[in-house]
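A, B and C label the chains in the order they appear, each numbered from 1.
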Amino acid sequence: MTKEQENNQKNKCKYKIAQIASLTGAELKGQADILVDNACGVQESNQSSVTFVDQKDYLKQALNSKAPVIVSSYQIYSELDSKLNSQKTFLLTDNPRRVYALAAAALTARPYQSQKISKKAVIDQSAKLGKNLSIHPGVVIAENTKIGDNTILAPGVIIGPEVEIGANCLLHPGVIIERDSIIKKRVIIQSGAVIGSDGFGYATDSDGHHKIPQQGNVIIESGVEIGANVTIDRGASGPTIIKRGSKLDNLIQIAHNVEVGEESLLISQTGIAGSTKLGKRVTLGGQAGVVGHIELADQTTAAARAMVTASTKKGDFISGAPAQNHRQALKEQAYLRRLPKYIEKIKKLEQKLKELESK
Amino acid sequence: MTKEQENNQKNKCKYKIAQIASLTGAELKGQADILVDNACGVQESNQSSVTFVDQKDYLKQALNSKAPVIVSSYQIYSELDSKLNSQKTFLLTDNPRRVYALAAAALTARPYQSQKISKKAVIDQSAKLGKNLSIHPGVVIAENTKIGDNTILAPGVIIGPEVEIGANCLLHPGVIIERDSIIKKRVIIQSGAVIGSDGFGYATDSDGHHKIPQQGNVIIESGVEIGANVTIDRGASGPTIIKRGSKLDNLIQIAHNVEVGEESLLISQTGIAGSTKLGKRVTLGGQAGVVGHIELADQTTAAARAMVTASTKKGDFISGAPAQNHRQALKEQAYLRRLPKYIEKIKKLEQKLKELESK
Amino acid sequence: MTKEQENNQKNKCKYKIAQIASLTGAELKGQADILVDNACGVQESNQSSVTFVDQKDYLKQALNSKAPVIVSSYQIYSELDSKLNSQKTFLLTDNPRRVYALAAAALTARPYQSQKISKKAVIDQSAKLGKNLSIHPGVVIAENTKIGDNTILAPGVIIGPEVEIGANCLLHPGVIIERDSIIKKRVIIQSGAVIGSDGFGYATDSDGHHKIPQQGNVIIESGVEIGANVTIDRGASGPTIIKRGSKLDNLIQIAHNVEVGEESLLISQTGIAGSTKLGKRVTLGGQAGVVGHIELADQTTAAARAMVTASTKKGDFISGAPAQNHRQALKEQAYLRRLPKYIEKIKKLEQKLKELESK
């Protein structure tokens, strides 16, 4: 990056706090013209930081920090001793985490944004490239591909044939997008993730397992984030779909023809078997597993390590292996813990009964 | 790909249906000279498709589809109303999934088959290269390696020193084959898989954990398929072996000196600890785990999430954690669900007994 | 490698056994000037091998092997029939595995040690490179990085911006080190591991999940080994730390701001959720999971598949899901297995009581 570009970039991430208030929809209390260039925790803050308090206990620390601006809730602000806060400017909101996230996003440079196409990338001449791309060394882009404006391909990213990638995406190092995949806008994919591997489909007879060609693809909708070393299989026929705004943590397995609904959250090491459909805002805890060919309704939550073997109804909260209603699962667990005591009781009952009978 | 190559490739995957019947061993009922160039589900079918029905319920849909050819069973065909099927040609068999798989394989081009060696690949001069290879940009091939005829190395594949790869293999993007590994014929490896990482072996004392050099290798026999981001460790001494025709799904861990028997099926996120031996046609469900130093006999099936802690006998079907006979595991689960009811009964028994005693 | 280098390397790994005794702290019984150049199992041994016996049953085999040198314990040596061992030289110790590991390490060449910087690597001009590096084709090193002396970067390794790597490290093929990470000395990272992916952090409201920029980094201390396809997330703010001498197996997930204590052992497919701290010498069995924001005290052991939901005390041994004291967990399991029998007893008691009442 030239000094000029460096300055440009720095300038882009420097805002008057009034601009941040307007961007995030928060109410400004204090000086509107403070310049900020970073958002961080109280302890790491400096004289141009926006910091964040969503519990009253941490307020004092924030007031004593170097940060000139504090994102907080109306609630916490209202309880504030008026003598203390004279030095600080506040961004007030009912959802401080949201405002902080939006402020931090505005104040954080996108990684790998070189705005250059490296000569050490290998790009097929049939590829249709958008504007303002950052394409790093070691990237390979195959034939008949499209890459949207402002998209960043970090070092070692591999884009297979017939792939389409939308605008403003960020693919971290070593991401692999297999043939025919469609990645929409503002998608972030962490390092080592594989999108579009063949699904696990075989026809078995006495000669062995005969591979059924996996002819579908993968569609990743806008605003999705995919974690490191995740694997998402292409459909056997038709697509595997990750819908708008869903977030997948690391090392997750998504089998062929799965559909993950809008704004779902899948925690790391989760696995979903073939053709299962998740509704909107489904949450799967870490290391959960979901069998194939079922439907998890909107707002289903499965706890960590749940083994989900049946379809759910809207808003169900399930846990255990096999998963059941969470309250029921906790009850069962509690009974199990009391089992030794009750087995003792049975033995005593037998003894007493024997005594009674012999009378 | 030039237009000419494109046409060549298309021609290769265009067959008269009589040829497909002969290739797959199915019986042809209908017109022998229909030209087909794809195999797919009923809904995606077009005028040159082979499609597939193995349940009577879906037959009507297939008869109304654009596909001129239907793979089905004698059973379903025999129940067919003779007026309906006049338009379609049938490929009949006792195993429609097998015939469909073989037909689809014949009608599907191998991905990444460029039949070129890219100048953007880095190939050590000591490497012995077979005929008709497809080696893509970003591939690195180290010293003293052998690559068999017709093998495809997709972009970013890394072949370590002293590796041997047989004929007709397909390594998807970003696959890593570590030093000394032996990959036999017709092996398919999905993206991001690592073959031949060091096993987890240390000698511990008060100074810490001292690495025991892992001096074995990995042998992948013919016809095996390995899923995306799988890890297979080299033996500590002697090989880790995946035997002929086995299929491994994504994100599986195979530890050092494991042996996976012929035609086994391992579903995703399974882990097998060191030195364990699997027999022929062993099936492990998703997220199953197998401890080290045991033997699973031929045709053992462990259900999803099974935690296998003991050797098995031929044909065993086990589940649960720790795994036990599946029927027993289901029974135990059922009893557990009834536990609250029985604890109530114990309380009532105690009460009644007290009443009896006080009489 | 030239013939000369090859010879150099071979010479480096050839020792008089007296040197190995001195290096490993073992006592030499036999001929001090035997030349050895490899360490291996009894069956693979040749006339210049050091081999290893830590169980008396295997001693005879070792005595009949080609290996001139046997590492063993004083105990086993003392029970040896004096007529048998005349031919062999012994390295004696109380910890044969440790001595064997150290001997094998001395006798094994580091893989990928080319001592060359490939012209097919892409190295930013701002990178500060140490002495005697081995940098292979396909490596990409970004701006403002430091690489310590004698470090080996195998083919396809990607080093992000602002990364520091210490001396004597070995990064296997395809390893990805994301921006800002710090890797100290003598660290080994197996293929496909991702260090420094973004943590899973979002602020949720009715519009969706808003990404909270992950501004921390990852610190890997000296002597750590990281397995294949492991993912270690950067801190949200502040570091994620893997402390000195810890060893991580394959396919493990470490979330943001986790701290793994010194000399811990994490077996494959383990997952640790955000901000959890592990003490020294903590052991997690395969497929274990640990929830966020807890502390596992020094020398905690969690068995395979444990689901750890609460902090522990020093030396705790826990198992099960949710994990509890291991002895307690085994007892609970045993009671569960006896449950059918006790439910039968309850039924009989009810029957008898009815009979008594009706008398």
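Here is the rule we use: a residue touches a chain if its C-beta (ideal position, glycine included) is under 8 Å from a C-beta of that chain, and two chains touch if they have at least 3 such contacts.
If you're wondering where the values come from, they're calculated on a predicted model, not measured in any experiment.
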{"item": "Same-site or different-site touching of chain A by its copy chain B, using the half cut", "value": "different"}
{"item": "Copies chain A and chain C - rotation angle from C-alpha fit, nearest 5 degrees", "value": "120"}
{"item": "Where chain A and chain B are represented by their mean Cα positions, the distance between them in whole Å", "value": "28"}
{"item": "Residue numbers of chain B (touch at least two other chains)", "value": "138, 156, 174, 192, 229, 251, 269, 287, 321, 336, 339, 346, 349, 353, 356"}
{"item": "Touch list for chain B against partner chain C, complex", "value": "122, 138, 140, 142-143, 156, 158, 160-161, 174, 176, 178-179, 192, 194, 197-198, 200, 202-205, 208-213, 215, 229, 231, 233, 236-238, 251, 253, 255, 269, 271, 273, 287, 289, 291, 307, 321-322, 331-332, 335-336, 338-339, 342, 345-346, 349, 352-353, 356"}
{"item": "Touching residues on chain B, where the partner in the complex is chain A", "value": "1, 38-41, 43-44, 95, 97-98, 100-102, 104-105, 107-108, 111-112, 118, 120, 136-138, 154-156, 172-174, 188, 190-192, 223, 225, 227-229, 245, 247, 249-251, 263, 265, 267-269, 286-287, 304-305, 321, 333, 336-337, 339-340, 343, 346, 349-350, 353, 356-357"}
